[in-house]
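Presented sequentially are two complexes of chain A, the first with chain B as partner and the second with chain C.
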Partner chain A sequence: MARTPRYAREVAVVAFAQSDHRRRTDELSEVEMVMPVLHQVLARTGLKAGEIGFTCSGSSDYLAGRAFSFTMTLDGVGAWPPISESHVEMDGAWALYEAWVKIQTGEADTALVYAYGKSSPGPVRDVLTRQLDPYYLAPLWPDSVALAALQAQALIDAGETDEPALAAIGARSRASARTGNPHAQLTGAVPQGDYQVRPLRTGDCPPIGDGAAAVVLAAGDTARRLCERPAWITGIDHRIEAHALGLRDLTDSPSTRIAAEHAGLFEAPVDTAELHAPFSSQEVVLRKALGLDEGVAVNRSGGALAANPVMAAGLIRIGEAAARIHRRESDRAVAHATSGPCLQQNLVAVLEGDRA
Partner chain B sequence: MSAAAEAAASPPGVLRAPLVVEFPFTRSLGPVQSAFLTGLRERVVLGVRTTAGQVMVPPVEYDPVTAEEIRELVQVATTGTVTTWAWNDHPRPNQPLDSPFAWALVRLDGADTALLHALDAPGPDAVRTGMRVRIRWAAQRTGAITDIACFEPHEGPADPQGAPHDGAFAEPVTGIVAEARLDYTYSPGRAQTAYINALSERRTVGERCPSCHKVYVPPRGACPTCGVATTDRVEVGPAGTVTTYCVVNIKARNLDIEVPYVYAHIALDGADLALHGRIGGIPYDQVRMGLRVEPVWTEGGRYPDHYRPTGEPDADYDAYKELI
Partner chain C sequence: MSKAATSKECVAVVGVGQTKHVAARHDVSIAGLVREAAVRALADAELTWADVDAVVIGKAPDFFEGVMMPELYLADALGAVGKPMLRVHTAGSVGGSTALVAANLVAARVHRTVLTLAFEKQSESNAMWGLSLPVPFQQPLLAGAGGFFAPHVRAYMRRTGAPDTVGSLVAYKDRRNALKNPYAHLHEHDITLEKVQASPMLWDPIRYSETCPSSDGACAMVLTDRAGAARSPRPPAWVHGGAMRSEPTLFAGKDFVSPQAGKDCAADVYRQAGITDPRREIDAVEMYVPFSWYEPMWLENLGFAEEGEGWKLTEAGVTELDGDLPVNPSGGVLSTNPIGASGMIRFAEAALQVRGRAGEHQIADARRALGHAYGGGAQFFAMWLVGAEPPTS
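Let's turn to the complex of A and B:
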C-alpha cells in the first residue's frame, strides 16, 4: 500500500525489547538492569552496537537520586571508541523522536533508543513534584496522584466518566496484561482498593516499579533487511500545553489532538492503540482526543496501569504498537506517550505495516 | 498508604544505605512574580491581565498564548470558587496541611484562571465543585505561595475586586529559596556489592570483561568498551603504581586533611583501570608517576584511608602507559 510521503525518509521500528517490570530491583544497578534489554533488542536485528548509527536514551536522575546515571548506563552500550550518542531527561519516546530526526537528516541509517526508570529507591510521588513550577506549585508538594485526581474529578463533574467506569479501565488493562504481556508488573484481577487521592483508588493508579526498554529504528531498505515486517513511522509529532494547571481544561487534551493531526492519525482508521495513560482517568481524555472508537484495541499490553517504569513507559507504548505490527496483529496503530502533570505534553506516532 | 507499606521487601543479602539528596535552589523573581508574592505577604492577591484580556492568577511574566511581556496587574478577591478538587486522606511530607484535606483548583473572584492549593474541610462530603471558599492566611508570611496557609469554606459575599494595582510594595520580595529534600535508599547492584563486600575483608576485587579481558576496578557490572557484563571476579593489588597525580592545595569542607597533599590515579597490580586515592607517607613534592604504593587501612575503615610507598623501585613507564 502506498503511504503519503510525509517525510524525507522512510523510518521504521525494526525491533523492540523490554525487561520484566518489577516493584524493586535492588540486586541490580541501573546498567545491570538495562544491559540485557540492549542485548536482546540488538540480537533481534543481528546488529552489533558498533554498527548502530546513533544512540539516544531517556531517563531521569531524580528517580533513583543518582547524578549522571545515564553516563553509567551508557557502559551497557559499549560506547568506546566514542559513539554518536545523546540523552534526554525525558521519557524515551522523546529520545526516539530525536533519533528519528537524526535519521531524517541523513546522518544515520539506524538508531538504538533506550529508556529506563528505577523508581524503587525513592518516593516517586514526591520526586515527581520536583518537575513542577518552582514558584507556585513545587513548594506545596502536590504529588502525581493528587494532580491526576484533580483531573479525574473534573472529568466526573463534566459527566465524561464515573468511578465504576474508571475501575473498569484498570481492570480491563490488567486483564489484557495477563494474556498479552509476560513483562507486566500487575496482571489479572487486582483489588480496586481504597482511595489514594479521591476519586482515584489504588486500581486507578499505576504500579510503582523498575524497568527498561529499547527500540531499534532503521531507514528504508535497511529496515527491510533487518525486519520481516517493519513498523513504519508514517507520522510522529509532539506538542506541549501551558504548565499552569489552572489555565488548562483538564478534561481535554488539545496537544494530543494537534500532535495526532500532524502525525496523520485521522487520515485512516487504526486497529490498535497503545496509550500512555498512567491513570485510568487519563485514558478517557486520550480516547476523546484521538477519536478512538470501540473497534480499536486499546492497550492490549495492559498499558501503564500494568507496568509503569517512569521514563520508559512512553517508549514502551511505541514498542508494543510496533511489535504488534511485526507480528501481523496490526496493520495501522497509534502510539502515544505523555510527560508532565495531567497529560501536559504528548507525543503521537502512527505506525503502519506493509500489506501483502 | 504509608511509605513503609508502599515499599515492598528487598531481597536478603542486598546492601542498602540511606541516600539524602538536598537542593535548596535560590531563584530570582520577575517583576510580576515579585509583585504577586510580595502581595501575598501583605494579604493582597494580584493577577495579571493577558493579551486577550483575561486575568490570570497566579500570574506569569509572559502571555501563555502570545509570549508577549504582560505587566498589567489587577487586584482580585481572597474569595473564590472551587473548579475541581481531590480529597487527600493521607497528607504526604511538606504538603500544606498535616491532617486530611482537599487539593483544590480555585478561581478567585475577579480571576479567569484557577490557583492550586489545599482546602481545609471536615471531610470529602463537605467539598464539591462550585463551592465557595476564601483564603486562610498563614500567620508568618515571607512572600511565598505558602503565605496562603490554605483555603477554607466561605458562605459570605465576595471581596471587592478588579481594581488596577501598581504592584508597588515596600521591601519587595525579589527571590525565593526553594528548599527540597528527597530521601532514597541506595543499593549498589551486583558488581559493586561484591566489590564492597570484599573491601570489608580488606581485599580489592575487580571484574574481567569476557570479551576484551580487561579487569575493571571498581567494577560497575559492564565493560564500557564491549557493552557486555563483566562476570569473572579477579582479586587485584594490594600494591599498585601511581599512573598520574595532582597536588591539592585547597582544603575541602568536611575533610580533615592538611594541604598540600597528593591525589593520584593508582593502577592496582592486575587491574586494567586506575582507581583514585590519596598518597601519604611521603612528602607531596616527592610523589611521581611510576611510584609503587600500597593501601593503608585504618581501624574500622570501609576502604583504604590512603596509599603509601612500598619502597620498591619505580615501575617502568611502559608497564603502565596504557593505564594513564
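Let's turn to the complex of A and C:
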C-alpha cells in the first residue's frame, strides 16, 4: 500500500447497515427500530455481539423525549455477559470516532457503532432550538430551517450560489437516491415547493423521519478476515466552531477545512464524497471547504436531502462511503458529518480501499 | 501494525479543578460554571488554553438543565473553538466515562494534552422528576432514583443480615469527611449519628440524611502524556488501569445487589494495574455512593470484602478516614452530587490523593487510589486506578 501510516494501527469500516428511513415509525420503539440493523451489520461480518471488543452509540434524549433513552436500545445489542460500552450524546459519527480511538489504544480489535433517531414524535424544528445558547438564543426559538436560511441568504448575497443552483442540488440528491439507495425516504423528484423560510424552499430542506444505522470497525488482519475489501480509515478528525452565529462567517466552514487537513484529505484526490448537508445550501459551503471539484461523485446515496434521521445521518455518510469502497465503486472517499446550527461542528473521515 | 497493545502511551493527571459545590449557583451561567472548574484545572497544571489539544465533556441527561447537547453552546467557554470536542453521556457513570474517553485520546497518541470536564447545574430544573420517566416508558410509581434503588438495598439487607444501622454509619462518616473538603456541598457542622438516624424516611430504608443532595458543580482535569507529566510543576497522578462495563437494565437473572458488570469492570482495572489483593494494595477509594447502603454493597462488588461481609468493614470503622481502607475521604456523593460531575469528582479525588494534594482529607502516603462511578439501573460502570508512580509495564 502507498499510504503513509498516520496512526498506530490500521482501522477499517468492514460492514455497514441501515434501516429504511421513513416519515414515521409509530409501530416501533427505538430498540425495535435499532435491533434489525444491529443483526444485519453483525451478520455481514459473521461476528456475534459477545465477540465485539467495544460498542459505542450516538443518540439524543431530546428526540426520544425521555432521559437515558440509550439504556433501552442497549437491549438491542444483547449486553450479556457485560460488554465494554460507551455512548455519546452526538451523531453516531462521533461514536465511531470514540470507537476508533479505543481501537487505536490496542484495547480492542473490533467495535460495533450504532446510532438512531426518531424525529417523528415531536416537532423537530422546535426541538432543535433547545440546543441553542439557553440565555440569549433559545428563548427566541429560531428554528433549524430559519437558521439555515440565514446561511443560505449569506451565500446568495456573497454571490456563491443562487436559488436555481440550490434547487438543482436537491433534485440531483433525490435523483441519486432513486437509482442508488433503496433505504432513502425520498427517492425521486419532489416539487421545489414554497418557501419554508426564504430563500429555502421545501426542496432545499431535508425530509423529517426516523431511522437507524450501524457500522463494524476492525483493525489490521482482523479487518482483512472480516471483509473482502476493507474501507481503511486513513484519516479522521473533527473540529468545532464558536456557537454564536454572529461570530462566524456562515459562507465558510473553517472547522471542516481544519478537520480535513488533519485527516490528510488534501494529500491525494478523492473520487467520492458523502457530505452531511441537511440543507442544499450547506453542500455549497462544504464543497468549498473540502475543495471538491466537479469530478467527485457527491452524495450518490442522496445524502441528508433524501433521508435525514437526526443523530444517525452523519454515521450513515461514513457507512455509505465505506460501502462504495467495499463494492469497488470507490478507491478513495471522503465522508463528513455535522452537528449544531449552520455546520457548527464537523467531522471528516478519509476512507481508502486497497488497490489490487 | 498491531503492536499497539504494548505501545500505549502513559497517561498522567497534572491538573484538577472543582467549583465549590452548592445547591444553586445563581451567580453564574452554565458557561460560567464550567469555565470556573476548567480555569482551576489549568492553573493547577500551570498550562494555558493554548496547551489544550482537545476537550472531552460529560454530563447526565440534558433534561437536567433543559439544554439539548449543551456542549455546542459551551465550545467558546471551554476554549474549544478550532479544536476537537466530544460529549459523552453514559448516565450516572458519565463523569468517569468522560475521563476514560479523554485518557484514551492520550493513550492512543491522538492528542498530547486533553482537558476533560463534567458538570451538572441541577438548580436549572428538577432532577427527581427529570429522572421519573413518563408513561409508557415506566409505570407511574417510581419517583426519582431513590425509588428505583431502595428495593435493591432491602434485598442486600435481607441477603446479608446486615443490621439496619449500617446505612446511618456511612452517612455520618461521609458527612463528617465533607467538613474537611472545602469544595463539598454539604457542610453539616452539627451532624450527629442520632440526627442521621432520626431524619425522615424517604424510600424505606433510605432516610433523608442517607441520600445525596442536588448540587450545582463542575469538575475538570488536565490529562497529558509522559512528556507533559515531566514538565508538570506538581506531582502527577498516573493512570494504571481504566475500564467501562455495561449490562442491560432489566433481565431475568440480573443481580441488582452486586451487578456482574461492576465485578467485571473492577477485575479488568485490577488486571491492568497488577492488583491482586485490592483490600491491601489500594490506599484510598472514591466510590459512587448516592445512597448510604451502597458503600457496603460496592465494597463487595469491587472485591474489597467477601460476599455478605461488606457491612462488617463499615461497622468496624475500616472505611473511616483513619481506617485501613478509607472510602470517600472527600465526603463522596452523599455530600456533593452535581450528577454528571459526580463520577469525575470520584476520579479526580482519587488523583488528588495520590498526588498528595487532597488537603485536610489527605490519606497519609496514599500511593494507589481507585475512582469508581456507576449509573443507569446499576448497569453502567466506569473505574480507574491511579498511582503516585508511573506504570512499570
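Just so it is clear, the second predicted complex is superposed on the first by the 356 of 356 C-alpha atoms of A that agree within 3 Å, B and C clash if a C-alpha of one lies under 4 Å from a C-alpha of the other, contacts with A are read in each partner's own complex, and residues count from 1 in each chain.
Everything below uses one rule, namely that a residue touches a chain if its C-beta (ideal position, glycine included) is under 8 Å from a C-beta of that chain, and two chains touch if they have at least 3 such contacts.
Treat the numbers as computed from the prediction; the structure is a model and nothing was measured.
Colleague: Of the two partner chains, chain B (first) and chain C (second), which one does A:Tyr135 touch, if any: first, second, both, or neither?
Modeller: After superposing on A, A:Tyr135 lies in contact with both chain B and chain C.
Colleague: Examine A:Ala244 and indicate which partner it touches, taking first as chain B and second as chain C; both and neither are also allowed.
Modeller: A:Ala244: touches chain B and chain C.
Colleague: One more residue to check, A:Arg224. First (chain B), second (chain C), both or neither?
Modeller: It touches nothing on chain B or chain C.
Colleague: Scan A:Val127 for contacts with chain B and chain C and give back first, second, both or neither.
Modeller: Touch partners of A:Val127: chain B and chain C.
Colleague: Have a look at where A:Arg6 lands relative to chain B and chain C in the superposition and call it first, second, both or neither.
Modeller: neither
Colleague: Applying the touch criterion given at the start, work out whether A:Leu28 contacts chain B, chain C, both or neither, answering first, second, both or neither.
Modeller: A:Leu28 sits against chain B, while chain C stays out of touch.
Colleague: Just checking: does A:Tyr62 make contact with chain B only, chain C only, both, or neither of them? Give me first, second, both or neither.
Modeller: In the superposition, A:Tyr62 contacts both chain B and chain C.
Colleague: After superposition on the shared chain, which partner residues are touched by A:Arg44: those of chain B (first), chain C (second), both, or neither?
Modeller: In the superposition, A:Arg44 touches no partner, neither chain B nor chain C.
Colleague: Touch check for A:Leu74: first (chain B), second (chain C), both, or neither?
Modeller: both
Colleague: Which chain A residues contact chain B in one complex and chain C in the other?
Modeller: Residues 62, 65, 72, 74-75, 79-80, 127, 130, 134-135, 138, 242, 244, 247 of chain A touch both chain B and chain C.
Colleague: Taking the complex as given, what residues does chain B use to touch chain A?
Modeller: 1, 3, 6-8, 10-11, 14, 16, 19, 21, 25, 27, 29, 33, 37, 56-58, 60, 64, 83-90, 92-96, 103-105, 107, 113-118, 124, 129, 144-146, 176, 178, 180, 182-193, 220-229
Colleague: Which of the residues in chain C come into contact with chain A in the complex?
Modeller: Residues 1-8, 29-30, 60-63, 65-70, 72-76, 80-91, 97, 101, 104-105, 107-110, 130-131, 133-134, 137, 243-249, 251, 259-261, 264-265, 376-377, 379-380.
Colleague: Applying the document's contact rule, which stretches of chain A touch chain C when the two form their complex?
Modeller: So the residues of chain A in touch with chain C come to 7-10, 55, 60-62, 65-68, 70-72, 74-75, 79-90, 94, 97-98, 101-102, 104-107, 109, 127-128, 130-135, 138, 219-221, 237-244, 247, 254-255, 258, 339-341, 344-345.
Colleague: Sort out for me which residues of chain A touch chain B in the complex.
Modeller: For this pair, the touching residues of chain A are 23-24, 26-32, 35, 38-39, 49, 62, 64-65, 72, 74-80, 120-123, 125-127, 130, 134-143, 146-147, 149-154, 157, 195-200, 202, 208, 242, 244-247, 250.
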